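Before I ask anything, here is the structure I am working with.
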Amino acid sequence: MENYTVCQLQRDMRFEGFLLIRSADRRKDSKGNDYVDMNLADRTGEINCKIWNWDPNAETPESGKIIKVRGTVQEYNGRLQLRIEKWREARDEDPVDMNSLVPCAPRSPADMTAEIRETVAGFRNEKLKQLTAGMLEAAGSDLDWFPAAQRMHHAERSGLLHHTTDMLRMAKCMLQVYPWLNRDLLLAGVIIHDLGKMEELKSDRAGNVSDYTRDGQLLGHLVRGITNLNRTADRLGITGESVVLLEHMLLSHHGEAEYGSPKPPMFPEAEALHWLDMMDARMNTMKGAADKTPEGAFSEKIFSLDRGVYHPKYTEDAE
Amino acid sequence: MENYTVCQLQRDMRFEGFLLIRSADRRKDSKGNDYVDMNLADRTGEINCKIWNWDPNAETPESGKIIKVRGTVQEYNGRLQLRIEKWREARDEDPVDMNSLVPCAPRSPADMTAEIRETVAGFRNEKLKQLTAGMLEAAGSDLDWFPAAQRMHHAERSGLLHHTTDMLRMAKCMLQVYPWLNRDLLLAGVIIHDLGKMEELKSDRAGNVSDYTRDGQLLGHLVRGITNLNRTADRLGITGESVVLLEHMLLSHHGEAEYGSPKPPMFPEAEALHWLDMMDARMNTMKGAADKTPEGAFSEKIFSLDRGVYHPKYTEDAE
Amino acid sequence: MENYTVCQLQRDMRFEGFLLIRSADRRKDSKGNDYVDMNLADRTGEINCKIWNWDPNAETPESGKIIKVRGTVQEYNGRLQLRIEKWREARDEDPVDMNSLVPCAPRSPADMTAEIRETVAGFRNEKLKQLTAGMLEAAGSDLDWFPAAQRMHHAERSGLLHHTTDMLRMAKCMLQVYPWLNRDLLLAGVIIHDLGKMEELKSDRAGNVSDYTRDGQLLGHLVRGITNLNRTADRLGITGESVVLLEHMLLSHHGEAEYGSPKPPMFPEAEALHWLDMMDARMNTMKGAADKTPEGAFSEKIFSLDRGVYHPKYTEDAE
Amino acid sequence: MENYTVCQLQRDMRFEGFLLIRSADRRKDSKGNDYVDMNLADRTGEINCKIWNWDPNAETPESGKIIKVRGTVQEYNGRLQLRIEKWREARDEDPVDMNSLVPCAPRSPADMTAEIRETVAGFRNEKLKQLTAGMLEAAGSDLDWFPAAQRMHHAERSGLLHHTTDMLRMAKCMLQVYPWLNRDLLLAGVIIHDLGKMEELKSDRAGNVSDYTRDGQLLGHLVRGITNLNRTADRLGITGESVVLLEHMLLSHHGEAEYGSPKPPMFPEAEALHWLDMMDARMNTMKGAADKTPEGAFSEKIFSLDRGVYHPKYTEDAE
Amino acid sequence: MENYTVCQLQRDMRFEGFLLIRSADRRKDSKGNDYVDMNLADRTGEINCKIWNWDPNAETPESGKIIKVRGTVQEYNGRLQLRIEKWREARDEDPVDMNSLVPCAPRSPADMTAEIRETVAGFRNEKLKQLTAGMLEAAGSDLDWFPAAQRMHHAERSGLLHHTTDMLRMAKCMLQVYPWLNRDLLLAGVIIHDLGKMEELKSDRAGNVSDYTRDGQLLGHLVRGITNLNRTADRLGITGESVVLLEHMLLSHHGEAEYGSPKPPMFPEAEALHWLDMMDARMNTMKGAADKTPEGAFSEKIFSLDRGVYHPKYTEDAE
Amino acid sequence: MENYTVCQLQRDMRFEGFLLIRSADRRKDSKGNDYVDMNLADRTGEINCKIWNWDPNAETPESGKIIKVRGTVQEYNGRLQLRIEKWREARDEDPVDMNSLVPCAPRSPADMTAEIRETVAGFRNEKLKQLTAGMLEAAGSDLDWFPAAQRMHHAERSGLLHHTTDMLRMAKCMLQVYPWLNRDLLLAGVIIHDLGKMEELKSDRAGNVSDYTRDGQLLGHLVRGITNLNRTADRLGITGESVVLLEHMLLSHHGEAEYGSPKPPMFPEAEALHWLDMMDARMNTMKGAADKTPEGAFSEKIFSLDRGVYHPKYTEDAE
């Protein structure tokens, strides 16, 4: 049996391999028996399947898990469906990587985490070093796979690390061009600025965001980030200007009231953080839009940019 | 010696009585000796005085303190000045009340505090009762004299209590007209909504605000209120929806991003709190503007209203 | 034959009872004969029916009328339909109340009207008493059933009275908390502020608004209210400040140019009227949204609030 | 004695002639006697004078009146002052024209009024003819000298007629280019659109506006115009669409809520009226700004335009 | 065979006549043979047709061309379709006028062009005469049929000339009412102000705009107009204030940054041009909306006006 | 004679040295003789002087020139004044550097220009290389000293080069973090984006901007930059996408209509240019504000930021 991707599947093909559970709902069939309706996916697409006669006492499969399936592709009402013959949850020893099944950051979480930790290790300011390390510790290992958004930018597995480390690299450039900026403060701000998203968004381990949390809607990641920072500072017994500066950087990094920051950035490192965030988000969005648009053409209007994007040919000069 | 108010003073009058120190700066005279330049006030006005040959080792008098002074009114460069012969700080046993010297709330702090405590005592929801009581305890006795603002509305001694208790009375009305509102939640929100101002504003005990604090400028009273609430909840070991609902009420009570709330009120009690706050602030501002304007005339444009105010005659119907 | 509500009807059931005509259109069948296509409703839902072979000379039934019908429930193209066997218009002696058939205010029009009239009777200012009474007289008995809106808030039978009397009760509270407000002026403003809606909206007697009127679209209820007030004042021979103050209260009660008031409220009673109106509209909207949302969940975005609404559980504290 | 204008006066000159009273205040001198402090003006400038020992029982001279004066020019504190020897109010037979003393429209009120009346006489629509004539009658003879504004545009004697007749001429052009517009409706709208300003502004007969009236501030000329139109229609017994169309044209002629129109123009003649009004106001403002600016230079920022204005040379092409 | 318009066609009718190609796409049928799918139109409507077995080497018919067709009307899936028996491209000698097949300006291009050329010929300012003539020359003969927009206003064949000449006639009126305006400058501005649209829009010769061009999206007609003007001035060797004044008129004619003009009009002729443009666009839009709305009724909301439009009856006064 | 800076001067001191002419006006004294009133400056401050009996046929000294002066410091009306005994214009061989007399960029023009030229030399895209080099050539040697603004940011001698080269360094960082960006296009955009300012601002060679030019006010540096780019492309015979992309980058680099860009950035390099420009301008403004504010304090509100700036202590952590 060959190795097909989801988008290659056609009627009557046989399939065996690993797929990601995008969603799974338990329902009742016409006879009142339980069955499970699932959407399975890899990076190339999604296919529906049903597992009939589900044991009423068994748990429903969990969105974000990987399973191994074998079955046949059928067509029902004009749409393909996988008739499953056999399946099981993936095991640690299985030769499958979540990153091959979902959109994900171009670097591995391990690499990105190492870069961040190394940066923190280099801080000379002890308070900032402890606060930043404390915040990372509180975030825990979910940071490895957490996305940065539901749609907008870096909506991908490990997108939060992707966004953070790209900003970190740009921030280090800024420190060379504007050497009077406070190095540790700026880098600490970059590292913790979006950690509050981990309590704002409901994401499965595949980096797929299904919704906002209650706290996300009622408070948002800026304010939740600040209360987390306070709790960390209290725990570590740290007080003083450093804490307030970081609180302000969290609060102001969206730049304007209209975008969720009730205070604008009021010192240079806060201002720098805001522009680094904007720039990285926009570059990611622009690249995504241009990649989906043929050269020499305009995309549809992109919601978060409120404009269409042109994909230049760039090459005419070789003519 | 008669008892004059400051606005009654004229050249060559003798004065003896209690006055409030509005500001006090130590300077050097032409011979290099220290002197103190003070502005003294009661509710009717302000007068300048100098105390020459100040002991270089003595502390400068503190703004917001009451002193007893005796002296003569003189004129210098067309402005009145008090030539002080004798003075001392007021003592507890002196027959003087700060409230007679500065703009202050129409009710006594003791009355207003009692009304608030009685309200909290009546809460049925234990979590809300403890959280509210805990916040009041953390605020401490400075709440007795703290103003609600530097200018805008309730810029007076005990103005924060004045604003809070007027809102509390309106809130209790609302609970009769809209009985489906959650009583304890709404009243808790009213009581704690502006406590963060005590860390936002620099005020002396006369209720005179000289400036915003560092935290006030960088974070504001909404966010500082939320971190205080978190610390109180942590201390009391309270978690759950109640805490988040109060956090949201603090965050959203200004109603719109433009006015400092990154989230709009998202449940009925939060919405009610916002309108009670607006209504009370506006009624206070409107009354202040109308009081200063003759009947049948318009005031200058009031900054916080962005309009002039008309003081109606109301009485023509008796004509 | 049992007494079913519309939402309980199923195929093949028999129905006899009173229903409201939501809409009624005369059409031609394939043979060129007239028939009437009606939607009938009670508070729980709506069902379609046809009355075939309509007498070409008979008038079409009128939307907003109640009829008594007998018939059988059938299914056509997957939707239920009532096959009518017999019907007639409801008579005064029939045991049916319009209020059981449509969304309506929680109090009876008679109660609410009495509360208003009693309030006016208590006015000491003769001019305001006559003007208010004159405006109510001009409004006539349609006020009993007139709704306050097409959708937004108080879109229900007698919604205009509902909105007005809730505001009236809140206004009387305000007069206790802010006793310096002019009682008669504020209450008069509350009572007449939305009467212009009766010329702005096309409503049937069930409180169902089909559209805006020509005058409603070209002028709006604020301006039409002012011209009506002028006509009333002319008729009663009343002139002077009182008339202008009421004109201004009508004009400014939406608070801002953006919401239809070319002048902002410029004296305290006008300002108070604006906030009472906002508060009552918002409380009504918030309650409606929360009622339709499960506890612990968020509603869809509510158009007039530009946000989703959270329905708190409130009860966790009993845990 | 030569005939000097005010801007030609120098110390020790003798002056005899007619001047306009710009302002006149009665005060008390150091001995407690009444005197009058007046500013007198012609088109070229203003000069101050005092009339000592004013009879306490005599009325204070009225702003906007013309007087004949004789006196000597003196200097006091570096500013010129007229020491008056003799004066009296101007009489009908005096050879002086108000228009030579103040900024005024370039055409005579008689001419402009005639043009308007002739236009109305040509209306075919009887209702519009009567309504327009009725409004002009109600405006009365003050229309001859009434200005169109305090500052902005056409702030001059007879400025209201000037603005109205220039718009009338442009409107007649429009009727040629867009012949499908309703002639009588558009011209009626132009003629009455700003008559409400006569109750909005306090102006003396020289066209000098000292302030807004109570009704002007609380209601504005749009709404006051509408109530006047209603009263006129009631008086003449005219009802129907024509009245509502004119009401809407009055209400919407500022085009946007932000500029005072709660409804935008909703039919072609209302839209046309709005643009004619804008265009004429702007042309008048632009001309005023350019006239005061040297060729090839930029003016200061003009408040009502929110920009500076360039006065082109236009002539370089002859180089 | 009678002469039917497209909207008169019914099943089984025979049709012979001239139609416009609105769109034409080459496709493959189920056997892999080429066919052409076309939409054909006259002023009254559009009908689809297929031409089977298209020669793979022949070019696809071009949108915007006129063809002569003979065929039978058939019905397919409930929609009419023309089964073509014979067809050919229209020839110069054919008795058909494009203007009878598409929405077009009410005057002929020849008339309108003549009016413009005559106006330019009358300029006294040599520089402005040459620049304007140079710009018209560069625009070339496509100006005869170019529309002014894709939708909004003057979206019709020769719409650009229609818009320009109506503005020209209004401009000549303005010069009479405001004779101090510089005649040649204003008229030159009117004539060239929208020529840049010819590089902004992709239009076929029927005046049907399919899209914006790359330059249209990236730069817009204001900026492209300015670079064209510069090139024309360079070619003619013209420099000086005149060129800059025209550049500014092009740049500022949309009036506000929000509508695409980074500079507001800063001298009277630029201001006049802006209002003439607005007025003509709005009159055209208003007429279009009113024409499609029954008398006494309101249109749907018109996108470019952000409001519904009322079509007055105007005639009731004859009642 | 010691070497004093201007801010060290006191009454009766003697001064000899080089100063910059900030402004120079020729006037007439009371006897009708010409004299010159000058303000002379170094980096530390400004002092006024008069040169009496100026030869009526001699030219007035030019603002921006350096002179050598000798004289005595006097006091007149409480302000210091330099009584000049001898003066002459500075000569090439004089040991004085303009940069010691005015605020200027921290690097030498030669260094910065070299960095730019080297960058251009490295372009692989021939069209972009020629266009960029052509624009630099057209800018000429004034680029060495041209400032970037009148106030806002980089308002200093060589400020335009300073702004450009700092952006260039940040741009090269971006190309490492976002390697898919087109290198030559982004760098070309950075280099030419503000060259149009050289025709927008009137600056003397000291980098002191006195005003905007006519073209600057009527068109602005974005549009003038585009016409210059067109002229350069025409001269070099370059056409195609590259030119349009650069035109768009010039037009859109302010990001929003409100800030002067009628088109938002529509491809990644244009977006990147915008954020680089914002970031560099803001960093420069923030640094300037913080430098002028004591540690631990807030600045006044900065106009271009619309907020006050906090100067952190940063150092408390060493406590």
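Each chain carries a letter (A, B, C, D, E and F) given by its place in the written order, and its residues are counted from 1.
We adopt the following convention: a contact is a pair of C-beta atoms (placed from the backbone, for glycine too) under 8 Å apart; a residue touches a chain by one contact, two chains touch by 3 or more.
Keep in mind that this is a model prediction, so the values were computed, not measured.
**Q** What chains do chain A and chain B have as common neighbours?
**A** Touches both chain A and chain B: C, F.
**Q** Looking at where chain C touches chain D, is over half of the residue numbers used by both copies, so same, or under half, so different?
**A** Result for this pair: same.
**Q** Can you give the whole-Å distance between the Cα centres of chain B and chain F?
**A** Whole-Å distance between the two chain centres: 48.
**Q** In whole angstrom, what separates the CA-based centres of chain A and chain F?
**A** Chain centres of chain A and chain F, defined by C-alpha means, are spaced 43 Å apart.
**Q** I need the residues of chain B touching at least two other chains; which ones are they?
**A** 214, 217-218, 241, 245, 266, 296, 298, 308, 310 - these are the residues of chain B that touch more than one other chain.
**Q** Once the touch criterion is applied, which pairs of chains come out as touching?
**A** A-B, A-C, A-E, A-F, B-C, B-D, B-F, C-D, C-E, D-E, D-F, E-F
**Q** Can you list the residues on chain F that touch chain D in the complex?
**A** Touch residues, chain F against chain D: 214, 217-218.
**Q** List the residues on chain C that touch chain D in their complex, please.
**A** 214-215, 217-220, 222-223, 226-227, 230-231, 234, 241, 244-245, 247-248, 251, 257-258, 260-263, 266
**Q** Would you tell me which residues of chain C are touching chain B in their complex?
**A** The contact residues of chain C facing chain B are 125-128, 166, 169-170, 173-174, 176-178, 180-182, 185, 240-242, 245, 264, 266-269, 271-272, 275, 278-279, 282-283, 286-287, 290, 296, 298, 305-314, 316-317, 319.
**Q** Quick check on the complex: what are the chain D residues that touch chain F?
**A** The touching residues are 296, 298, 308, 310.
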